[in-house]
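Shared between the two complexes below is subunit A, which has subunit B as its partner in the first and subunit C in the second.
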Partner chain A sequence: MVSEALSFILQLLIFPGFLFIICLAFFSEWVLRKFVARIQNRMGPTYTGSGGILQPFADFIKLLGKEDIVPAFAERTYFTLTPLLCLTLPLTALFILPMTGHRALISFEGDLIFLAFIFTTLTIMVFLGGFLSGSVFSMVGGVRAATQLLGYEIPFLLALFGPAIPASSLSISKISTWQAQNNAWGLWTQPIGFGVLVICLLAELELLPFDIPEAETEIVAGWNVEFTGRRLALVRLGRDVELVLASTILADLYLGGPQQVWIIPPIIIFLAKMFACLLLIGYLKTLFARFRIDQVLSGMWKYVIPAAMIQFIILKLIW
Partner chain B sequence: MSGSTIKVIIGPQHPALKEPERFILETEGEYVVDVKVRIGYIHRGIEKAMENRTYLQGLYLSERVCGICSDAHTTCYVQGVEELLGVEPPPRSRFIRVVVAELERIHSHLLWLGIAAHEIGFDTLFMYVWRDREIVMDLLEIVSGNRVHYATNTIGGVRRDLNDEKIHKILKGLKTLEDRAKEYLKMIQKEQTVLKRTVNVGILSKSDAIKYGAVGPTVRASGVKRDVRADDPYAAYDEIPFNVIVEDGCDCLARIMVRSREVLESIHIIREALKRMPGGEIRVRVKPRIPPAEALSRVEAPRGELLYYIRSNGTDKPERCKIRTPTLANIPSLCKMLVGGYIADVPIVLAGIDPCFACMDRVLVIDREKREAKVWTLDMLRRYGREWYRKR
Partner chain C sequence: MIPTARLGLLRWARRRSPWIIHFNTGGCNGCDIELLAALTPKYDVERFGILLKGSPRHADILAVTGPVTNQTRDRLLRIYEQMPEPKYVIAIGTCAVSGAPFWDCYNVVGGVDKLFPVDVYVPGCPPRPEAIIQGFVKLLEKMEAEEDE
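Showing the complex of A and B:
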């Protein structure tokens, strides 16, 4: 009993818990930065560590040491709460996603709904944090984040719940296990849903062409313009964890998640799938120019939502 | 919501502006209904400084008005001084001036294309274009020895000659540049996200462009065929056949297209100039003292018509030197373009005229009570500056 509890705590804290996820987040940021840089004919980080691999970590440490400023017009509670929740919400979400085996660290029937809840809360925190920072730019950024949510939330949820239908379960662990066992990856059975989910995750992560809430040339840094020091460090780490979360969702819900192939352990297979998704996201990020907010909304409602619905109808007809 | 407008202030510090200038936008929802511009944040007293220097020293000062179109400024200045002297530069030097001017146009347009891509968030294009801009920077280094301030022109000709080896290198570099420029042109016309952000954005109709006196690629993108190189040929442009690039789109895409196509046209001009270049001297000696006269010189800088007015008084220093850069001429049309657009489109519209504010800003001190403009000497300016900082 004691050893079981101890092992659970170790799992929670070290592997595949906090430490592993945070390291993975830093590593993912490095991979993305290096990958995007190479596509854009740049070097990317080179100085810190071998091939600049420690650069994201160095940035984090540097930001921790910077001066911490709360603007006079900012709402102190939300200004402090937003960076914290920006990190903790995606971290929590990663505990319910299977990484090392068939079962996630915490798994229960209906955790898919919990995941959807976390994503919406995250955007609402971004909106509140931006809106209450007391700067024009962050206010515009926050409003834009909330407006964008109106566009991508419906197709996002449709694409998120698509894989639950053939597996007839609302538990992420069961869905990925079902896909791995029946060799019916979501990518093959519902390709439109996969595309819709990738588009919506780009919008959720505020990556190009949907980086409207933090469009650098338009509104400086958007909703996180007022965050400095520790708060900015947390926000940035939160973005990295979100990146891991996004690729993990794709890997778990549409690529069968962790599965044993021959003698290769599930975690290796999972990481391979996850980084494939990460590189896909990075590749898409470099291809486009930024949309305008009205173009995103009309585009989402005109094309992406119908596509998600058609995928749902097709699924219903088959299963 | 009608009647209530919100002021959105862009600048003097803003990431869309590479230089400080203030734009106060009256907005209704997401739309811009009125624009007020405040210019003059970075005047450098360069015209005044010219009056205290000899003509030859003024040449180096004029080169430093702009870091991007430095050659256009010296060409314009040198032409004015040559007109005052009544000196004709030798034919070979006029062709070399064309080569450097067109290389500079390519470099400026590629730089602008990168910035425009960055403004609409397309950083990949930005990186690619700036990588290829290095080719033309290297060519400029081969020709002049410098990447930014070429110091090619001098009063009465040019300072460095071109030999066969250099010409060979230039032609080789131009081939690569031509391929790349064609590829970008094709890509810009096809890429949907670029089209979404530039088509029908920042409209400046043909009649407005003429009415507000727009110059350079901005006016040519509104379907007006206006180019100093063709209208009032200088250097060797009258001996080289070339097309004036005109687009009818009147929007930001047309401005991108005009500049991209001008890169190709410039490559053509350089090739023709190198082919037709006569031999002989590259400069003539001139007297340092210049008889009293006045001269007006025009040059088609990468951003549009650049104008120098120089008045001499018989000494070795000019009495007055007035510089009108293309950005100043484009500010009224910029206000027209911004009105009626989205706030999100402001950066790309601003970038559309290829602004260069530091070159543009001048200052005139006006005594409000006496209702007259005060003329300051450089010493007075210096003293005023010292006082001002001491009081802070």
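Showing the complex of A and C:
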């Protein structure tokens, strides 16, 4: 009993818990920056650690050591709460996603709904943080984030719940196990859903074609314009964890998640799938230029939502 | 023992990730294009961890180009004051260094150092991207020497 509890605490804190996820987050930011730089014919971070691998860590430490400013017009509580929640919400979500084996660290029937809840809360936190930090630019950024939510929320949920139908379960661990055992990856059985989920995750992460809430060239830095020092460090780390979260969702729900192949342990297979998804996200991010907010809304409602619905209908007809 | 180790880590991190914000105080755009050339693929200062940031709240280094005009004087001061400590200033181009040919114009204050202390001057009209990168490297050396004291 005691040893069980101890091993659970160790799992929670070290592997595959906090420490592992945070290292993975730093590492995936480096991978993404390097990958984007290579596509753009640049070198990317080079001299910090070998090949620049410590660059995200150096950024984080530097931000921790900077002056911490709370603007006079900011709402202090939310100004502090937003960066914290930006980090803790995606971290919590990663605990319910299977990484090392068939079962996630914490898994229960209906955790898919919990995941959807966390994603919506994140966007609402972004909106509140932007709206209450007391700058015009951050207000515009926050409102844009909330507006964008109206566009991608419905197709996101449809694509998120698609894989639950063939597996007839609302638990992420069971869905990915079912896909791995029946060799029916969501990518092959419902390709439209996969595309829709990738598009919506790009919008959720505010990555390039949809980085409207942060649009540097229009509204300075969008909703996080007023964050300095520690708060900015947490926001940035939260973004990295969200990146890991997005690729993990794709790997678990559409690529079968961690599975044992021959003698290769599941964690290696899982990491391979996760980084494949990460690179796909990075590739799309580099490929596109930013849309306008009205283009995003009309595009989502005209094309992406119908596509997600068609996928749902096809699924219902087959299963 | 522990504080020095912590300071060492912080110093290492600061040298490795200087983020800049770029402000044109009324120059002819020559220097701005050279600065952008230093940021874009051919010279790519992201190799040193240097990123261009949009918000003064996120930046460590204020890169000023052009002579300070009466119009931009207040804006420049405000941006400088919005940056969190520790902050550094680099003046790019002869205009930002001293005001250059515009030093006694009726609408020009002069070089940036009339308003606040400047850490590194990069002369040239406009300076080449190599010179700008050299300026950044000088600034990083200066940061290290400063924190040693």
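Please note the rule applied: the second predicted complex is superposed on the first by the 319 of 319 C-alpha atoms of A that agree within 3 Å, B and C clash if a C-alpha of one lies under 4 Å from a C-alpha of the other, contacts with A are read in each partner's own complex, and residues count from 1 in each chain.
Methods note: a contact is a pair of C-beta atoms (placed from the backbone, for glycine too) under 8 Å apart; a residue touches a chain by one contact, two chains touch by 3 or more.
The structure displayed is predicted, hence computed values, not measured ones.
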Of subunit B and subunit C, the chain that contacts the larger number of subunit A residues: C
Contacts of A:Val220 with subunit B and subunit C, given as first, second, both or neither: both
First, second, both or neither for A:Tyr47, with subunit B first and subunit C second: second
Subunit A positions touched by subunit B in one structure and by subunit C in the second: 40-42, 216-217, 220
Residue numbers on subunit C that touch subunit A, as the complex places them: 9-10, 12-14, 16-17, 40-41, 44, 46-49, 53-55, 57-58, 60, 84-86
Subunit C contact footprint on subunit A (complex, rising order): 33, 37, 40-48, 52, 54-55, 57-62, 64-69, 137, 216-217, 220-221, 224-229, 232
Residue ranges of subunit A touching subunit B (in the complex, touch as defined): 39-42, 136, 208-209, 211-212, 215-218, 220, 286-295
In the complex with subunit A, residue positions of subunit B that touch it: 8, 14-16, 30, 117-125, 127-128, 131, 191, 193-194, 196-197, 342-347
